[in-house]
Every structure is written in C-alpha cells, then in structure tokens.
C-alpha cells in the first residue's frame, strides 16, 4: 500500500459503534440465558460468556483474525496478520476500503466472541468450566475460523461460489446452533429435570432487549459503511424481529391459549437470526415474511421436535439459531435482489434458481462440517478432561461448585 | 399460650392486618410461602411446554397469643382472609410452652404482647 | 428524483444509531414500568411493551409511515408509501436530504412504537392483553398518526402554522400522557389497592438510566444530521434531565424530609419529557430552567392532584408525560432562539409573542383531539371486547392469567 | 473566530454517541456497585450515582467546564465560558477542530460526572447523603477540575510538560482511586462487618458489562474524531479488558482454586482502567500486556493489601482504579509509540526514558495533590455536617433512613 | 392432629411432592430456608477473600395431618427426600391443637384435608 | 424435645450464630420474615405518597433441641440478639413430639444433633 486510502469518518464512526453494539451482545446473551436457568447456575453462564469475551478476543488478536481473513487458500487463512501485525489504521481494501483495517478486525472479533457464547445455551447447568474453555478455543479454531474464512474472506471458496451471507447465517447462526445440538447430545441430559428451570424471566427479557439493540449493529454494521445498504439492513432487521415476535406469540395463542413474554422474546431472537444472512440483500416486505415464517418454525422445533427426540439442547440454541439460520440462508436465496444491494445477487423470485442452490449448498455444508468437527472436538475434550461436572456438583449447582460464589445472598 | 399460624392468600394480607389490629393483636410475624391445596393452579407454558402450576403463592402469619386472645385472633384472621373461594387457607393452632422477650428477658404472658 | 441526492455517511451513521437508541427505549420503558408494579404483573408490562415493538413496527411499515408522512392533506397523509413502496435508500428531500429515506422512516417508526408503550403505565395491573392490542393499533391509527402528520409532515397544518416541536412534545408526550389519563378514567381503578405496588426499584432505575441514554438519540437524532443543532439538542437534553432530577429531589427533601431515588429518576424522565419539544431550539441555560420547573410541576401532579381527584393513572403517564410535555411546548415558545437553530423561530423572550401562542394552540389542540379520540377508542374497545380482566384474574395477577407464566420462580 | 471551521458530520456523530456511552457509564457503575452491597443499601448507591449526574452536570455547565478548559494559568482555568456562554456549535480549535464546541464540552462533562461517582465505592453503607453532595461538589471543584486543567487544557502545566494521558489515567482513575482511599480512611470502617456484602452478583455483572460498553466511548471517543487513533483506542481497550479478565481469573484459579465471575468482571474493569491513559498511544500487543499485568496487581491490592492494612475501601475504588490507573500511566510511558499516534510520543521501549519520567511525575503529582486535597475536603465536611450516618441508621440501612424507601418489596 | 415440618434438600422437592401425593397427602405448604447442619458447605471467595459458606439452601415443608396420616406422611417424606448423603434433613412433628379452614370455618379433622 | 423459634434482627444473625456454636448448638434452620411489633417503622414515600412502613425485616431461626439444651440455647440466642432496643424480638418454645433424621431414619434425641 503505497498511498493509503482515505478514511471516511462517517463510516469509521459507524463501524466502531457497531462493533461496540456487537460487544454488548455477549453480556446481553449472558442475561438472556442466565434468567432461564435455576438460580444456582446463573453465574456459571455469565462466567462462560465473559470467558468468551476474554479468551476469544485474545485468540482473535493473536492468530484468529489472521487465520480467518488472511490470504491462505479457499479453506483457511494464513499467519500474515498474527499478533495483528500489519493490522493498523490504514484501510484494507479487500474488506473495507473506507475504514481503518483494525476497525474491521475488531468488528469481526466480536462475531467470533458471540458465536461460541451462543453454544453455552445447549450446555448449561452441567458443563465443566475448564472443559468449556478448551472446547470453545478448539471450536473457534477448527470450526468458526474455517467457516468464516470460506464464507467471508477474499479467497474463501464459498464466497467464490457466490454465497450470500450478509451478517452470518452460516458463519454465526447455523454454526452455533448445530454445534449446540451436537455437543448437547454428547454431553447428555441434565439429572432429574422435571420442571422448567427459569428463575428470572425479566432477566431473559432484559438480555433479549439488549440483544435486539446490539443486533442492529451486528447486521447493519456488516455493511461496513454508513450507506444505503446499512440503512436497508437496519430496517429489515427491525421488521423481521417484529414479525417473528408476532408470529411466535400468535402460534402460542392458538395452541396453548395465551401468548407469553418468553415466547415473544424468543420470537424476537428467532427473527433476528433469520434475517441475519438476508438483511443486506432483501427488501423490507421480504424481511417481514422471513420473520413471520421463522416464528412458527422455531416454536415447533423447541416445543415439539425437542420433546419428541428428548435431547437436552437446554436453552434451544439449535431450535432458534440452527433452524432460524438455515431458514435465513434459504430465504436469502429466495428473496435477494440487486435492487437493494448491487454487489449481491438476485434470488429465486427474480428468476435466479442458481442462487437458491448455492445458499442451500453453503448452509448444508456448514451443517455437515460443523456437526462433524464439533462432535470430534467434544468427544476429544470429554476424553481428555471430561465435559461434565460430577453429579453432586450438578445437584449442588455450578455457581458454588465451579466458581466458589453465589449469585444472590439475601439475609440483610 | 398459643402459637397461631395462618396460611392466607397474599392479597388478603392488608385486610387481615387491619382486622388483627382492630382486635388488638398488634404483634405478628409474616413470611412468604407456597401452597398446594384444593385450589386449582393455572397451567403455565414455557416455550410451548406445559407446566402444571401446582404451587401457589401464599402468606404465612405467625402470632403468639395468650389463651384469652386465641378466639379473637382466629376470628380476626378469618374475617380478614375469607373470600369464600377455594384457596382461602388454613389456621393452625399449637400450644406455646414458653415465650421470651429478647430485649428484656421477660417470660410468659407478659412477654407475648 | 432523477439524480438522487448524495448520502452523508456521518449523518446516516448518526440517524441509524439514534434509531437504535430509540428502539432501546421501549425495553427500557418496560423495566422502568415493570419495577413499579407487583411482581405478579411485571411480565404483563414487558409483554405489552414488546407487543408495541412487534405490531406497531409492522403497522408502520404497512401503512403507518405513509399515512403519517405521505402527502395527503393538512390532517392525514396518503398511501403512496404503503408497504414502504418507494421508501428506499435514496434520500427524501422533504424530510432528510442527506440520509437514506428508509433511515428516516425507521427512526420515525421507533417514535410510533414508544408512544403507545408509554400509555401502558396508566393501565397496568388490570387491562386485558387483547384489548390493549386493539386499543393500541386503533390509537396509533386515529391519534398518533394524525397528530404526527399535522405537526411534522411536509403538509401538516400545525407545521404550516409554524409550531416548534423538535422531538415530540405534542406528537409523543402530550399525546401519550393525555391518552393515559383518559383511558385510565375509562378503565377504572385497580381493586382494593391500599399500598404502593413497587416490587423492584432497581429495575425502575435501570429502565430510567437506559431511557436517559436512549433519549439522547430521540432528541439529538431529531436533527436528522450530525450537526450543530444535534449537538445543541444533545447538550440541552442532558442539562434538562439533570436539572429536573435535582429539582424533584429538592422538592421531596423539603416536603417529605428526604430525597428519594424513585423521585430522582422520575425527575430525570420529567426533564427529558419537557426538553423534548425544545431541545433543538433553546440554549443550554434555558434547558436548565425548563428542567428546574418541570420537577416540581410533575411532583405536584402525581403527589397531590392525582391523590385529590383519585384517578388511577397508575404509573403517572399523565403526571409526567402529559404535564411535562405541555410545559415543554410552552417553554419552547418562551425560550426558542434562531441563534441555536436558524430554521426555528424566536420565542417570547426575544419578543415573539406569536410563537408562544402557536405553541399553546398546538398543545391545546393535541390535548383536546387526543382526549376525545382516545375516549371514543377506549369506549369502543370496552364495548367490543371489554378492557378489563375479571376481578379474579386481577387478584391472581396478570402474568399468570393473561400469559400463563410467572416472572420469578425461586425454589432451587 | 471570523470564519468558523467546518464541522465533520462523521466526527460529530462519533463524539456525540461516545458522550452518550460515557453518560451510560454512571448508571452502569450504579449497578456494578449496587449489587455489591447489602440490599438495604442499594438505593443509596444508585441515588448517589444519579446525584452525580444531576448536580455535576449542572455545575459543569455553570462553572466547571470553564474552570477546567478555559484559558487561565497552568493550574486552573477562568470563567470565560461560565454558563456555557460562548460554548456554541462552532468548533473550538484548541480542543476539537472538527466538531461543535458544545459536543466537546458535553463529552468532557460525562467524565466529570463519573469520576466522583467512582469514589462512592469507598464510602458505601455509611456515608450521609447530604455529606456526599457537599463532598462531591467540593471535590469536583478543588480536585477534579484542577487536575483536569493541568493535564488536558491548552495551558495546563502537565500537558505542557508532555504528559500522555489519553482518556484519564490521572484525571479520572488515579484521582478517584486515591480520593476513595483517603476518604474511606477518614470515614472509618463499617460497623460489625464480618461477611461479604454482595446481594446480587448478576447486577454487578450487568453493570460491569455496560461499563465495558460505555468505556469504548470513553476511550475511543477521546480521539475526538472518528479516525485511526479512535480505531486503535477502540481495539486496545477491548484487548486490555480481555487480558485483565483472563489474568485476574487465572490468579484466582491458582490461589483460591476456582476462577470467579466476580473476579473476572473485576479484572475487566481493572483492564479498562489501566488502558485508559494508554489506549490512544500504544499498539494492540502492548495493550494485552498492560491488561495482563493489571489483573494480578489489582487482585493483590484488594485481596491482600486491603486485608492487611484493614482499611474499608469498601468496593475497592483504590485497589482497582488507583492501582490500575497508576500502572496505566507508567505503562503508557513504557509502550507509547508515535506510530500509533503522531501527536503522542515514544516511550521507554523506543528509547525515550524521559517520557516514562514525565508519566511517573504526573501520576505521583496526582496522587499527592489528590490525597492532600481530598483529606482536607473530607475533614472539613466531617467537621461541618458530619460524614457518617448514625450507628442506628447504618444498621437499619441507608435506603430507608436516608431516602425513606426500600428497594425490594416482595409480598404480592 | 399433627403438624409435620420437614427440612429437605431443594432438589428433592419434586420427589417429595410425588411421594406425598402418592400417599394421598395433597395439602402442603412450602417455603425457603437456609440450613446449618452437619453438611459441609463449600467455601466461597469474593475478590480473593474467603467466606465460610455455612448456610445452605433448604426447603421447608409444613403439613397438617390427622394422627392416622402421620406415619405415611413421614414415610413419604423420607422416601422422597433421602439420598443417603449428609444434608438430607430432618422431620419435626409437633402436636396440632386446632386446625381451621378459613373458607368455611370448619374445624378439626375435617378442616385438615 | 423442644422446638425453639426465634425472631431476631437481621443484623444480629452472625452474633447469634456465634453464640449458638459457642453453646454447642450447631444445627439450625434460618429463614426470612417480616415483623410487626412495638418497633416503630420508618415511613416511606413513593412519589410523594406516604406509606406507613409497618413490616420490618426480621430473621427467623428454628432449632430443635433436647430438653437438656433448651436453657443454653435460649440463653445463647438472647446473648447474641440482645441490643436492648425495641425490636430485638422474641423466642417461642414449643414441644417437639418427634424428630427424625431423614438420612438414617433415626428418631428422637439421637436424630436431633
């Protein structure tokens, strides 16, 4: 780079604040999940979320960013930017020509943090803290980074094939959802669970509200500039969240007799998940449809399929993120239009069947690769240090046994 | 002396307190409880999964009284707590052997009030 | 539009992040209100707030935005932008010439969401969920949209008259405050209420703190550009909130003997309300006065007037938003200066008595129109499906009876 | 100013949103602290935090900003900008040439608010509310404003000497940490305290998470423009927080057997503190080192030194902010490089021993000045109106005795 | 009549309820408690400072029964609550003088069920 | 056997526990309560509206002991809880018919400790 590209203050302001919003999503997720478990296990969730912020930010700076976005081959990057060497304030034209390279790096870092954090939802109330640390670092390295490279990096093969994944339908959502399911299967069910575990629904709603807020940065920030595409993504994100909240609550109303707050906030998240890959490629009306559809889909997954098969995907990372992410990838292939984003493609509705196939292929590839790699990692960790706490510790609660502390002490 | 323990509906607490004060029973201890009785709880649903709501919020009131006050205390509680609907609760009376006021060390009837 | 206007990245970044901040205000309001009621009714509040986010965002996209901002007559818009048709990424010069049209639309959408959400405060612990849904959609359509059109749209008659309402003194604050009072009167008082209902004051403060944060976007974002007017609005908003917090707490100190946290946070909200119409037109010193005055005004309304008349405006939407909004409109007429905002007007203090009259007229018109229309809507809904839950359900609590769920379950 | 400088929309958007983020830090701090005390004292903490927002924002507008940034002498400013007279929308080239002057003013205002708010952590559960008000106003005027002027104003002597303090290592962190220790010593220990006082660790984590989010604006906003320096500060801030979280938790794991959530979030804050002066001057790898080091440092301070000396710096303002801030100032002198920020200097590692000396001198001066002045103020207030509540009130709890209200009422 | 008070481990509550219902004991009152007994609490650490965890969460169950039901109630509680580990808890039985149903005013054995 | 129930000030709990342990009484159950007695509550104000604070936070301690331990237990509680100010609380002693250790099924005096 002889002559660095000029930096746009507006775009830089936008991407930085969006990176901040995505950072906030991990604490938000901590509360979204934390309220759903018994109070003896809330700190263990908060702790794992902050552990992701801690270790994954460091890993990202040390090698993750370079492996994910460095120029390697179609599957994985290289170490050119290890220790953020060369990731300075000059823009990197391959990714974001109007903002400092390091702004792009940190925006991406927050995606790498929250993805394994979502997996926590499948493992709560029984996973050993040390095992989670090892698992999440391995998973980052062997699953997140490769998929991220394939879909988003300049030389990724899925990107080369033309897949549309605006903010992480494959990279984030399918990935964490499938990983959650697979690792929950390997980890096994919680002991003697006969009742719902929620101890503080307002915390769930607080986390969910902050997730919505943060997701606006997640999705609209993925435009990497404060332009029309960002504005469109911002609009579609809100509309999909709204539509899915309404459709989930409506299905509940029809089936169980009343709409619930827990269902509504679950619908919000499902809608945000589904619009993630699509938000920068589809029009607002399509976003509403995408949201409307995902509500019942995810509701059905968590209330019926999970019950039927009896797996303990405890807080439904799979039912919400896996299912929603897959639908979002497909929906992008249906509704995408270059009218919204000239650097995208048209989808099925505009006659481009090919795009739908690409979307399906990318989503399926992610499912298969992620499932296989996650299974190997989880089994390896299980062998090595054991995934689960002892039955006594599980009964006693993870907060006190894994962290020597309690969330609430209420005598004075 | 008697120890009177009442399990009542939470929304009747104010009324019961009023009736107790009216009956000159001023010293009480209140705590939270969950009850399972004849009253039919409402089913709850969490992500579509049904949970039979079988523990309902109740209030527990403990009152130590002299025998002479037993009847009026029970009557006051009933007056304040009764709605006539299932779930109104119960009153349990046990024998109180000793009652001591911590502040003064007084015992018995004098310590109760 | 042959040649679309160029988009400013800085302005777009600003309006989008401000739209995000205003989005956050509705969950914030949910906690502000949710902490004030008995714990058996908190979810019913959170639920109604998220219902506003859900259904009103959709309604706004489908017809609301067009009816509010489309070119119709002086009272109401048209359907030119129904389904957001034509609301794309090119700027709409009539409203915001430097940002995508859809960014303006979504910023306004968040205003339409929070306004009916504020009304919830008057109806808590007794309104039927279905009735609230119908009520709020009707109210959006028949009250919010017309007033919004009259005050803010290119051809609104109040705007034509020269009313100054920077961020919604009439459109948002008076509107929701008066609607709250009127619908509370029609709904009637809660059963057998003898004590304050607050169950979690920290939640109230959490909500209030996030409301302050979000309100910065609400007010300063209303400049629709990251310019001097926005910066001025940002400053005046903070100062008015601070002044009203101090004055409310001081009045309490004098009257009841101690300043309270609940009073202080109430003062914050009252200050934010009062500065809303004024923030982009007045200087910082005037903002402090506006804030100082509103504290005692609202305190008096909620502690004395409400007690005296005995209406059950449960969480004081009227006392805080109605009273504060009216004072804010008047204060704008007193303190406005074109030194701050050349596209505004001077107020009374600079010799322009006319402006004060216009402000008074607009505020009064809003009171009357809103009161009449809200009364009709509330009575109609009451007739149709009944506004109130049964007495048994009210006693049992709305969470379990309206939503089949409970906020806190604390045995393990 | 004949010809006002043009305003950059991007920079203005950035600084305003960052000012909003810093505003949010005070409510965030309220929860961070509020969860750490017994539930009978939480409102008293929230109240003091909002009191800072209230009275200090007003004081800043009335005289604080002018005294801090107005042109006076090397030690203190003047009254040229009292009542914000002349602090309008035109940029002030001495401080931030591309944004409205009032945007710079309000960004700085939020720093002035949070600094005394941090001190609350040393005084909880026993300080009289009125005494805190007087103390904090005096402290603002006699400690914060002078130090701020010396370090950051155009004619401050420490700035003239070349001290590097990007976002407030001296001005904010050392200042509040030392003031906390000194005033805690004068105030004395709480009565009969034998157990930890935390009543709600999730609140601590909520506050901590929001603090991290807000701190991104605090640090990266201090670039006063959305440029490469801001992006670098944003990156270093996140990495230091992550590193310190990991190092604190690791030390716990080694010493007590398990890593805790409370330790991790404390590490986050310590990392944010330490990087505060350095963030705009050092590279990301250095930020990781700075964070790694501060974790054990602060852990040692709060778990060993405090126990040994037995002072009641209740929530560790000194151990975290004082120690962390001092280390941050020194670290800036070690790791600073003009490659990151041309308007900075090189540090020890690049051969500039002088910078390290300057940093040490500025930090030490702040310690000494702050300690002396704080001691005088605290003793004066103690004499005048008494710093402490009565023993009965302390036992009963500050919420009910100082504010006539209770945080949680849970019977229905 | 008897008032049976059991202190059990929180995670056994569902099991105990099940056994009670199986034994036809349907009316119970549950509340939260903290217990200190033989069971060894886990030390807690807050910012490196040790706190001997000496109060563990327990559940308290109160049941009023007729004499005839005393044995089966005690047996059901034991069956549901026993894990064989220290900390399983205790059952306390006291004499119940009176039992009144608030809703109807009924007294004695008829009011208990 | 005796069931000793004490209502004390929350801030005396640590002291009471210390005295009980000193008196070799190690097994106790603690719970939260709200009390109304002679102690004068502080009026509360919410948005300017007065609320007579008439329920104050208390701690309830339940201890089952053998007769031989009754006196020292009562004495220990008094020693730990007494401040001499109104609100110190009460101790109630009732007769305990049976005491069963769930873990072992042991009954009576042996089950108590």
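Chains here go by letter, A, B, C, D, E and F, matching the order in which they are written, and residues are numbered from 1 within each.
Here is the rule we use: a residue touches a chain if its C-beta (ideal position, glycine included) is under 8 Å from a C-beta of that chain, and two chains touch if they have at least 3 such contacts.
All values reported here derive from a predicted model rather than from experimental measurement.
Steps from chain E to chain F, minimised over paths through touching chains, total 1. The chains touching chain B as well as chain E are A, C, D, F.
Computed from the mean C-alpha positions, the centre of chain D lies at a distance of 44 Å from the centre of chain F.
Chain C and chain E have Cα centroids separated by 50 Å.
Chain centres here are Cα means. That of chain B falls 18 Å from that of chain F. Remark: chain A and chain C have CA centroids separated by 33 Å (rounded to whole angstrom).
Shared contact sites, meaning residues of chain D that touch two or more other chains, fall at 8-11, 13-14, 17, 40, 195-196, 198, 206, 256, 258, 260, 262, 404-406, 410-412.
The set of chain B residues touching two or more other chains comprises 11, 30-32, 34, 44-46, 55, 57, 85, 94-95.
Chain contact topology: the protein chains form a complete graph, every chain touching every other one. Chain contact summary for the complex, chain F toward chain B: residues 2, 5-8, 31-38, 54-55, 58, 60, 74, 77-78, 81-95.
Per the touch definition, chain D reaches chain A in the complex via residues 8-11, 13-14, 17, 21, 38-40, 98, 196, 198-202, 205-206, 208-210, 212-213, 216-217, 220, 225-232, 234-235, 238-239, 241-243, 245-246, 249, 256-262, 264-265, 267-268, 283-285, 288, 340. Here chain A touches chain D in the complex through residues 7-14, 16-17, 19-20, 23-24, 26-28, 30-31, 34, 42-43, 46-47, 50-51, 53-55, 57-58, 61, 83-84, 87-90, 99-100, 102-103, 105-106, 109, 129, 203, 206, 402-410, 412, going by the rule given at the top.
Residues 44-51 of chain E are the ones touching chain D in the complex. For chain D in complex with chain F, the residues that touch the partner chain are 40, 192, 194-195, 392, 395-396, 400-401, 404-406, 411.
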